[in-house]
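In this document, chain identifiers A, B and C correspond to the written order of the chains, with residue numbering beginning at 1 in each.
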Amino acid sequence: MAWTSLALDLLGVFFFAVSGSLLAVRREFDIVGSLLLGTCVGLGGGILRDVIIDAGVPRAFDSPIYLVPPVVAAVVVYFFAHAVQRFHNLLLTFDAAGMALFSVTGTLVALAAGMNPTAAAILGVVTAVGGGVIRDVVANDVPQIFRARGLYAIPALIGAALTSLASWAGWFGVGTGTAIAAVVFALRMVSLRYRWGAPPAGGHHGTPQLPPAV
Amino acid sequence: MAWTSLALDLLGVFFFAVSGSLLAVRREFDIVGSLLLGTCVGLGGGILRDVIIDAGVPRAFDSPIYLVPPVVAAVVVYFFAHAVQRFHNLLLTFDAAGMALFSVTGTLVALAAGMNPTAAAILGVVTAVGGGVIRDVVANDVPQIFRARGLYAIPALIGAALTSLASWAGWFGVGTGTAIAAVVFALRMVSLRYRWGAPPAGGHHGTPQLPPAV
Amino acid sequence: MAWTSLALDLLGVFFFAVSGSLLAVRREFDIVGSLLLGTCVGLGGGILRDVIIDAGVPRAFDSPIYLVPPVVAAVVVYFFAHAVQRFHNLLLTFDAAGMALFSVTGTLVALAAGMNPTAAAILGVVTAVGGGVIRDVVANDVPQIFRARGLYAIPALIGAALTSLASWAGWFGVGTGTAIAAVVFALRMVSLRYRWGAPPAGGHHGTPQLPPAV
C-alpha cells in the first residue's frame, strides 16, 4: 500500500514537472531552465507544505527518488516536445489528476504532522496548487490560478476540506480518499469542459480604475 | 491585553489583505486570485518570519482565526470595490497603521523566540514589509518598496530597531510600544504628504547604462 | 581556519550583493531597493538552504555580521556605480568565484546537518544559484540561469556533486575543497569565454507553438 501511495505521488510529480518543462520550451529557456522549472512545479507545493509544518527535512530532500520524475520530464520534453504538444488535453487531464491526488495526500501529511483540521485543509490546497504558483512566479508570469480557465483552486479546496472533515469524523480510508480525489478530478474536468469560472475579483460592475494601493 | 493585541494584529492583517484584493481587481484576477493575493499580503510577512525563526508552525496556521480577515477582505472588495476606491487615502492610512504595528509586534515575536537584537529588528522589518513584497512578486509587479512613494522600509526599520533597543534596555512596555508605533506611522504619513523619497540606488549621477550582471 | 572560511563566505556574499545592487541601479530602484535586492542575492541561497535543512535559525540571522556585506555593497554601488560598470568582467569573475565557493560550502553545511549525499549536493546547488534566482524573481525578471550566458548551474552541480562524493569517500579536505572550487570557477569562466551554453529546453527542432499548459 505504501508502494502504491509512493508510485501515485511520483506520478503526480512527473505530470506536474512536464507542465513546467513545457512552459520552459514556450519561454525559450534552456535545458537547465527546463529541469529547474519542472522541479519547482513538481516538488514546490510539497516542499512549501513541509517547511510550514516544520516537521524536519521536506520529504523531497529526504528521499532522493523524488528527483527522478523532474529529470525524466525534462528529458521527455527535450526529445518529444512536438509530440507532447499534440496531447494537450491529455496533459490537462493528468495535471487535474495530480492536483486531485495532492489535495488529498497533502492534507493527510499535514494532519499526520499534528496540524488542526482547518490548517491541514489549507496546507492540502498549498500542496495541490503551490507548485503551479511557484512555476508561474519564477517564470515571470501571472499565476494561472489567479484567472484560471475552469475551476482549479476551488476543487482543490473542496478535496482538502472533505479529506480533513472525513479524517476528523473518523471516516477516512482508502475508499473515501479515492472517492474524494475522483470528485475533485471530475469537478476540474467538468469545469474545463463547460468553461465555468470564478467571478471577477471586483464583482460584475465592470473593472474600476483604481489608483496604486500603496 | 492579549485580546487587544490579537484584535490589533487581525486588523492589520485585514487592511493589508484589502490592498491585495484591490490589486487583484486592478489586474483583473478572479475572486480566487483576490482571496489568495489578500492572504499573501496579510499573512505572508508573519509566515516568512515564523519560518525563519524556526519556532514551530507559523501562528497563522496554528490559529485558524487568522484566515478570517483575508476572506472578509475579498468579500468586501467583491461587493464594494467602487466604494473602496473613493477611500484611497483612508486605505494608505490603514496600510501605514498595519505596517507600523507589524514593525513592533514582528520584532517582539522574534525576540520572544530568542533571536539576537539585530536579527529581531531585521525580522520586524520582514514582518512589516514582507507581505507587500510577496503580493507584488506573485502578481508579477516590481515590489513597490523598491521605488516607494514616500518612505516605507525606513520607518519600518526605525520602528523595529527602536523596539529591539527598548527591549534590550529593559524599557519596553505598552506605553513604549504605542509610542514607537505612533512615530513609525507619523513618519510614513508625513513622508507621503511631503513626497519624501529615498535617493536612487546609483546616486544622483543619472542612471548609467549597465550591461547584464551575469 | 574558521576565520578564513568566514572571510571567504562574507566575500562571496559581498560580490553577490554587488550584482543585486547593480541590478537595482539598472531598474531605477531607490537605495532601499538596492539594499534589499543585494541582501536577497547575497543571503537568499543560504537562507533557503538553512530553512530546508531545518537545523534552527539560518546562520545569516544568527550572525549579524552577515548583514555587513550587503550594506557595504549598496553603499559602494551608490557612490561608484559608474566605476563598477567599467569593471564588468571583474564582476563576472567575482560572481563566478562566489558561485564556485558556495557550491562547495553549501554542500558541506548540508552534509554537516545530516542530509544524505544526493540531497546535500542539491542543496549545494540551491546555495550557489538560489540567491540569483531570488534576485531575478523579486526584480520581476526571468531568472538568468534559465537561459544563461555560458554555463552556470551545471558547474555548480558538478562542484556540489564532487564535494558530496569526496566527503562520502572520506577524501574531503582543504586541498580537495580548493581544487573542486577551482574546477567550478574555471569551467564557468571558460564557458563564458567560448560562449558554451546548455541546449534549448525543447531540443533543436525549433520552438513549437504550445498551447497554455493548464
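Convention: a contact is a pair of C-beta atoms (placed from the backbone, for glycine too) under 8 Å apart; a residue touches a chain by one contact, two chains touch by 3 or more.
Remember, predicted model here, so these are calculated numbers, not experimental data.
J.: Hide chain B: connected chain groups?
T.: Leave chain B aside; others remain one piece.
J.: Would you mind reporting the rotation angle for the C-alpha fit of chain B onto chain C, rounded to the nearest 5 degrees?
T.: Resulting rotation angle: about 120 degrees.
J.: Suppose each chain is reduced to the average of its Cα coordinates; what separation in Å results between chain A and chain C?
T.: Distance between chain centres, rounded to whole Å: 28 Å.
J.: Quick one: which residues in chain B touch 2 or more of the other chains?
T.: 51, 54, 137, 140, 148, 152 - these are the residues of chain B that touch more than one other chain.
J.: Using the touch rule from the top, collect the residues of chain A that touch chain C in their complex.
T.: 19, 21-34, 36-37, 47, 51, 54, 56-58, 61-62, 64, 67, 74, 77-79, 81-82, 85, 88, 91-92, 95, 132, 137-140, 144, 148-149, 152
J.: Mind pulling up the chain B residues that touch chain C in the complex?
T.: Counting only chain B, the residues touching chain C are 51-54, 115-116, 118-119, 122-123, 133, 137, 140-143, 145-148, 152-154, 197-203, 205, 207-214.
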